[in-house]
Amino acid sequence: MANRVAIVGVGRSTQAARRPEVNDAEMINEAVRAALEDAQIDIKKVQAVLTNSIDGFDNFYLGDCLLVDGSGAYMKSGMKLHTGGTVGSTGAIAAFNMVASGMFDIVLTIGHQKQERGNSMGTLCAAAPGEVREYVQGAIGAFAQAAVEYMQNTDAKLEHAAMVRLKADKNACRNPYAHLRLGLKSIEDVAKSPILIWPLRLLDFCPQSCGAAALIVASEKVAKKISKKPVWVADHETVHELQSEVVFGGAEEKSQQIAARHIYKRNGITNPAKDIDCFEVYEPSSWEEMYLYEHFFITEHNTGWKLIEKGMTELEGPIPVNPSGGVLATNAIGATAMLRIGEAALQIRGDAGEHQCTKDIKTTLSSGLGGTNWTTLVLLKRSL
Amino acid sequence: MPERIGIVAVAQTKYHPNRAEVKEGEMAYEAIKQVLQETGLKYVNDGSGIDAAVTCSQDFWDGRTISSLNVASFVGTHFRCEEKVASDGINAVFYAMMHILSGEHDTLIVTTHCKESQTSPSIIENHSFEPVLMRGLGLDFLGAAALQANRYMNKYKITPEQCAKVVVKNRGNAKNNPYAQAPMSLTVKDVLNSRMLADPIHELDAKPVSDGACVMIMAREEKAKKLCKNPVWITGVSNCYEAHYLGDRDLADCKALTKAAKQAYKMAGINNPLQEIDVAEISEKYSYEELLWLEGLGLCERGGGGKMIDSGATKMDGKLPVNPSGGCLSGNPTEVAGMTRVVEAVLQLRGEAGSRQVPDAKVALAHGTTGICGQLQTVMILSNS
Amino acid sequence: MTTTPMKPTTPVIFSGHMVYTHKFEAGRTGSRFLRELRDGKKIMGLKCPNCNKVHVPPRSTCKECFSQLDKWVEVGSEGKLLTYTVLRVPRDAEKDVLKRQLPVAYGIIKLDGADTGFVHMLGEIDLDNIKIGMRVKAVFREDERTGNILDINYFKPVSKSRKR
Amino acid sequence: MAEEKKEELIGVEFFSKIPYNWSMGPYVGTVFTEMKENKRIWGIRCPNCKKLLFPPEAMCGYCFTEFTHDNWEEIGDEGTVVQFTKAGMPIFDIRKGTFAFSERPLANIQFDTGPYIMHWLEEKDMEKLHLGMRVKAVWREQGRGRGYEDIMYFRAIEEKK
């Protein structure tokens, strides 16, 4: 990148199925105030504000203009970025680019969504063109298909998906900002959850939450001046993909592998499991997390299930994945991909509180998933 | 800024009230094909072609949750990078510039498309009002603009005739623009006799429903010089948000535009905009807006918009020709309007504006607005030297 | 069979709708404002302790100084008309959302005691000589107020006789 | 505080129905016309990368070559079921704004010639369905020019010997 960029402030609003006590602007304001507090700066120092979310869920046309009061964008530069589920990470990457370009020193970027409002399934199906919408029933069918395929190709069982869900819930119970904190004790607890579409259980799929996330991104000279623990943005990568019938899983390489190869090659990462200390991945289903272990080359093809079985990716484990509880516990879709980056930054600073990993975290990789299997990756480091 | 960003190729579709015969992507492809042929660039990953895409469209206008999927195949997004800006097209150019300056990619294709005729603009615009306190009133951009027009015209004694002159000028200029949708030879009386939509805005005072797309290829300075012999440089750009609630703003004023213009002029090293700018392309969705935005841009004193149009300074032979292309009033879709202004400014600076060419234009201004009463204002200065 | 397919002679249009029912939460601040409209026929504002501006309709953040507002103030239901317009032609938004008989007049009113304008409708008014600066007064619905911005039916001119 | 709890929070409801007249364009328009007039399904074979694209677009998104009108290739209306689901719960239909049980299972069907289509299966009894079963389109008597809706559903046919 032309100029070095650091995250100096991370803000999260509490997430829940419904947040009737705040409107959208006030919910965003919670995350913005938390980020300003974390960065120890006043809103006047912020030069640009990006307000990102998915219009369909908000039912706002030009949501960034509508929420100026809450976002602090009044009389400041800014715009709205909008890609599918990756909108939070695209908004963060846009902020990194705006600062790296040298045109801005401090940029506030916000990811928010209130999914209590309308029916999310309808908006997800509306990603298909109008003439096909009668024959689309959301992404859950695609995830179910990928899960069936995974079980055929490996020895993974339903229990392994339950282990992933159990890990997510254990971590979420240590994260006050997570939405679902169920206190699941065992795999049997997960097994009680009803099957939505075989083999996917209700608990195997991400919830719909209301919440906001905010990041304050600063240039090198500003970051060193105002922050004791800036988190450096080493690299980021965006790979989109055209709609393919086998949306998830499938034999040949997809955007996840291609994005991972690009970012690893540029940063000299040969053994991700060793070179990267912690992963915050965007896993809409328990099975997808096992796929992502393989797609991000943390382990070989068809062996993702072994990692979860041996507890390697627990919070205390050698390769912690989603210490924050991940998307299975919290999914306000506009904020979700940005939370992956924010949580990773807090791990590097050691400020994650209860869900801080036991091992020392110097390098993290955050991923975003959305659209027709699009992938965004952000590599953060404690020092460049 | 040490390194400059160049626009190496531009194209736009002929704006049309109802492009019922093509899909959104195919409409955009009409323009995309021209820039690909002109530059010979391909979507390749080895740095010798187009590295990534920045698109600009709205889910509400396309009726599709992720509307960049409509152009995905045409801008080469398969296993490549694409980002969508969901504000006016000029902001996509602004973001693409920063994307290149950040070093992530060197050459970008930037597109925008919008088909207003396929849906109800009024209902969609109503969705941009705050739901609890304003949306229930059933306002859309026309109603809000009429509130601003009355306030502005009342405070500075701007007359309906002066607003009508803007329409006469712009629709007349459009006769020289093959891409314009609705060129017209009008008199002030014609405009004032057209049906009243919402006091004081007559039918001809407002921009018509329009379909269209435009596209440009942008590159880092050293690559831009290789790609074309006369790249146009973006020397200054900024944008700024006004308040959302109409009651929070003095609608006779446009503080956000003034701030954005100041920052853009400072970046471009412009001290006296009226002297140093040779041609201006301003986003005027309603006739009064051209006068108000002229004041905000510092091209005339506060309240002097009426005198400026009376003086003829903004005519083609005036001191500062404004909207030689015919502007939004002669037909531009909402999302596309801002980028069309940039495209027209580039054509002026490359001397390719045909019969609407402002002779030896060196510095051009392009301006775009997003939202109710131009809540997000974007100002861009371009030059060909 | 490699016979070529038939090209459409006229554009093939696939018409449809996107239909949502959405419930927008007003939040604690917004709900208080709407409750006061419904129960007390009162228009409330929030005063910023820092820049002493009374925001009507109320919002919990002052956009100028970003401080959080919680000092409720009742403002008058009468005020000065800052600007207006009269919608003469049918618009889908008005037809779908407001459903009132055209022409409909809108106005921005600076209520006594408020520092920001209040966007609403005008009624019981001669549409052809509405004057900016005239004084208008809120007329609340008497039948069923539901805690909605439309609990105020419209603002009507204050008769000249009562000079202030 | 206790007083806080019973504070009445208000939500404002909006029923938003936005009309769209999407144009199908020359390529998908051709497919819809053929489905209506001749009950045949066409796709476009990309001359360069040989992918058979259904539904077609004006340009191949994989190798960026532009199509002309002689790249059409018939797809036929028989295929095998790759995946099927029967939503247990009512699904929100954004075209009508209502929740509805889908009375038929929805299947991802791969045509014999390669491309995929998502459509209804005639057989409602899930037990009688299995992955890999062969199906054939059952066409509406009088096509309405609404493309996939001119096919009522896909009916099971005997396996290929």
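The chains carry the letters A, B, C and D, assigned in the order they are written, with residues numbered from 1 in each.
Following the convention adopted for this analysis, contacts are C-beta pairs under 8 Å (C-beta built on N, C-alpha and C of every residue); 3 or more make two chains touch, one makes a residue touch a chain.
As the structure is a prediction and not an experimental result, all values here were calculated from the model.
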| item | value |
| --- | --- |
| Separation of chain C from chain B in steps, with touching chains one step apart | 1 |
| Most extensive contact between chains (C-beta pair count) | A-B |
| Identity of the chain that, by mean CA position, is farthest from chain A | C |
| Length of the line joining the C-alpha centres of chain C and chain D, rounded to whole Å | 42 |
| Whole-Å gap separating chain B and chain D, where each centre is the average of the chain's CA atoms | 37 |
| Approximate Å spacing (C-alpha centroids) for the pair chain A, chain D | 30 |
| Junction residues of chain D, two or more chains touched | 9, 11-12, 14, 16-26, 28, 32, 61-62, 94-95, 97, 146-147 |
| Multi-chain contact sites of chain A, meaning residues that touch two or more partners | 20-21, 23, 59, 68-69, 74, 119, 122-123, 126, 129-131, 133, 242 |
| For chain B, residues contacting two or more additional chains | 20-21, 60, 63, 72-73, 77-78, 120, 123-125, 127, 131-132, 135-136, 243, 245 |
| Touch-based graph of the chains, sorted into line, ring, star, complete or other | complete |
| Partner chain D, residues of chain B touching it in the complex | 19-23, 25-26, 29, 33, 42-43, 60, 63, 72-74, 76-78, 115, 117-120, 123-124, 127, 131-132, 135-136 |
| In the complex with chain C, residue positions of chain D that touch it | 7-26, 28-34, 37-38, 40, 42, 69-70, 72-74, 94-98, 145-147 |
| List of chain C residues in touch with chain A within their complex | 14, 16, 18, 20-30, 59-61, 63-64, 66 |
| Residues of chain A that touch chain C when the two form their complex | 18-23, 25-26, 29, 42-43, 59, 68-70, 72, 74, 114, 116-119, 122, 126, 130-131, 133 |
| Interface residues, chain D side, partner chain A - complex | 9, 11, 14, 16, 20, 22, 24, 28, 32, 55, 61-62, 82-83, 85, 87-89, 91-95, 97, 99, 102, 106, 108, 110, 115-120, 146-149 |
